[in-house]
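The following block contains the structure, expressed as structure tokens.
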């Protein structure tokens, strides 16, 4: 589903050059639940960003669902992100000025669909995460776990094949974290391919496969 | 400590040159418009050359015949005869000057035409007005009694008519409408905006074509009553009014009867306002004032809203700055001072630019010849008041929210 | 998408209210200044209808002389017409072209009353000012009758009084005792110059034996002040007590124009400064807003928004905001044409409204363009890791 070949990422500032990722070769199969672990600054987030097409590698190739994206322009990349990928972030990144349901609808704004269709899909997604009773609330009125569930609803509303989660439980207590992971596992069972960056060994153990990074190199 | 605050303020301003520029632009613009406007009003209504005694003068400029419902009216300057009878005879004033409204004529020199404004005056005119004589002297009562053909001219006319030949012009002749007049004095001219003193040539009222003989109350003359001091003005008005009340009514003018007569001796500003207020219907006046007020509000309000807007928008940006400063131990009071000084500093800077800008604009107006002899000046009190207004908006929009922010808990301030 | 933008703005109405007030105030200022300009431009585009070049105005004041005025004026006119430099001369009332004097009245035909300017002139007026007639002819001495005064009206007056009728020969009334007979119609006569509105106007005959103080003189091109000095001297010799003033129409026209142009220029300059101020402020505010919303932008990019989507969104937001403000502004602005404030043509207000709306949209677009472009260039990965 996701294939990385010889991926390298170098950050250049005027003074120094930092190698964030070094020769990564990775193949995530369809339906897999993969977790990425490693100490702070080892390049986990960079790797996830590259997989999610949020960032470009300095060298190497990426294939999403069989298509090479190296030559893709902004428009095609945006389309690919919109259709195939769903994102979940550690700090939720909800838009405070929009209600829960409006937040969930966002990915649908960037494809052709009617207002009613959007509403129905968003309601469906919120039901899946158990928040259909909070649709008219604003993010400020929600707890951390609820916010992350809204973020998950937003990630799955467009029915993407791949979900990328960047420390989804990082800002939550363990009970909440478990709940979020259960939702992700359920999504995985329903067919979604999931890549999750995490700090937590217990979480990682509940996934199919573990990838360890150290200083930009894949060690496991 | 203060120096330190100013240093910080300066650095903050330099760190965001763009926002500093916007703020300065708004402040200087508002102040400049205000100052040029008030300097213009002051030029028109204030006490200036040659009406240096305007503050203790009353102006009798119009005689109005009307009926009680004010539907028909006939209005215009007074006659020389009327002013002699009712103004000259007043006991309280120091002196009373009578002069005509300005008229027009032309003089011709060497195939060149000179447009002239003319004014006929009595001898007291030169006492009441503080004209500066560059050459010669004014005509006196004797010149008037003799009906001498003498004139006082302005320096501008001297230059035009005698073509700057450098020789003194006293005793030389000026030909106006085929009559030769002897120049007896040269004065520094008065701006055209002071219509009761402005002219190019001043004639004794007994010179030809002055129409001082006209009968009736209406004519071509105005009176300026000079009080010994400002506090006498109400007494003079009272005395003048009691004289006017003795005039038999109704007035008959061009076969029409007018039961009401209005003549007032007003202070300069009042006589302008009265002329404006007497005119037009109440509804029109209301519309005029509300629209004028609205326009002024918009012109002054827009920069203020802009200033507030920019400041309010920047507060969130500054939240993290406040958080960091507090995290490193700055007390709320110190932060408050910092913001106040920053605002005062930028307002002063804007005021400084505005001062320069207004000065330049006023110089341009004075030099442009748009108004002859214009003598606009910067009014210090207006400048200070406008600075205060800017400061108020600056503090309201910049300091208040910043202060509220400075009382936030550090974690929250940093998080925003 | 539009609904989404409305929601975004509506939910932040507190923060946006100041911005809305600012755009609204800019619109009002712009509307005022543009109304003024539209009014004057509208007038300016219509020709004044007569020729002012080489025409002089002689202003004669009789002062204390009250004897035989008609006879003296007749003699003066004969003298003026005798000079070879003079092409034509006409006596007229004090409201000569470009002067500050104004005379108006109202007249009635078939119970329709029209208020109009009126000018009292002699039979040589149209020749002297080169004022062409659309219909009929200019009045002559032979038109005089005991029952009415011969008059010429302008097209505007004709339109107001006579829908489809031929105005020639018709009688109109000023009051119960005075009626006028129309002998001709001119196209336009904008006596106060280019910036005057083409008002209804009426010319009535000044009889030979009637006295009025002004004389218009059309001289040959190139006639100079030497002739003028001779003219003044000659007339002064004929009437020792009279005052004589000569002015040129081309000069008074310039003075008259300045009375309109200078205030308009001043307003325009101030308005320009104000709008620059507002534009800079808007630009700054939008820049800050976008810096504040980096996370949101990154998120939208991650969710599949293209660069174009992001630019459109931010431009769209400011357009929606501007539209809100303009709607409020329109509520105020439409009162002017509806209530006929200042008695101006509603077309002028509508032109001004449309022009103001266009300018406001241009300004906000210019101010939002760069920040929106910058927003769209924010790299999604960087944006999300801002905090």
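Note that the chains are named A, B and C in the order they appear, and that numbering of residues resets to 1 at the start of each chain.
The definition used in the following text is that a residue touches a chain if its C-beta (ideal position, glycine included) is under 8 Å from a C-beta of that chain, and two chains touch if they have at least 3 such contacts.
Predicted model, so just to flag it, every value in this text is computed and none were measured.
Novice: Going by CA means, which chain is nearest the middle of everything shown?
Specialist: Chain nearest the centroid of all protein C-alpha atoms: C.
Novice: Farthest from chain C by Cα centre, which chain is it? Let me know.
Specialist: Result for max centroid distance from chain C is chain A.
Novice: Pick the pair with more C-beta contacts: A-C or B-C?
Specialist: B-C
Novice: What whole-number Å value describes the gap between the mean CA coordinates of chain A and chain B?
Specialist: The answer is 71 Å.
Novice: Can you give the whole-Å distance between the Cα centres of chain A and chain C?
Specialist: 65
Novice: Using mean CA coordinates as chain centres, what's the chain B-chain C distance in Å?
Specialist: Going by mean C-alpha positions, chain B sits 27 Å from chain C.
Novice: Can you pull out the residues of chain A that are in contact with at least two other chains?
Specialist: Not one residue of chain A touches more than one other chain, so the list is empty.
Novice: What positions in chain C touch 2 or more of the other chains?
Specialist: Nothing qualifies.
Novice: Would you pull the chain A residues touching chain C in the complex into a rising list?
Specialist: 45-46, 49, 52, 54-55, 74-75, 78-83, 85, 87, 89, 91, 93, 95, 97-99, 102, 105-107, 109-111, 115, 138, 154, 158
Novice: Under the definition above, what is the set of chain B residues touching chain C in their complex?
Specialist: Residues of chain B touching chain C: 18-19, 21-22, 25-26, 29, 33, 103-106, 108, 111-113, 115, 177-179, 208-211, 213-214, 287, 291, 294-295, 298-299, 301-303, 305-310, 312-314, 316-317, 370.
Novice: Mind pulling up the chain C residues that touch chain B in the complex?
Specialist: My answer: residues 18-19, 21-22, 25-26, 28-29, 32, 59, 61, 63-64, 224-226, 228-229, 232-233, 236-237, 240-247, 262, 270, 273-274, 276-278, 280-281, 284-285, 287-289, 291-292, 341.
Novice: Mind pulling up the chain C residues that touch chain A in the complex?
Specialist: 1, 3-4, 7-8, 11-12, 295-296, 298-309, 379-381, 384-385, 387
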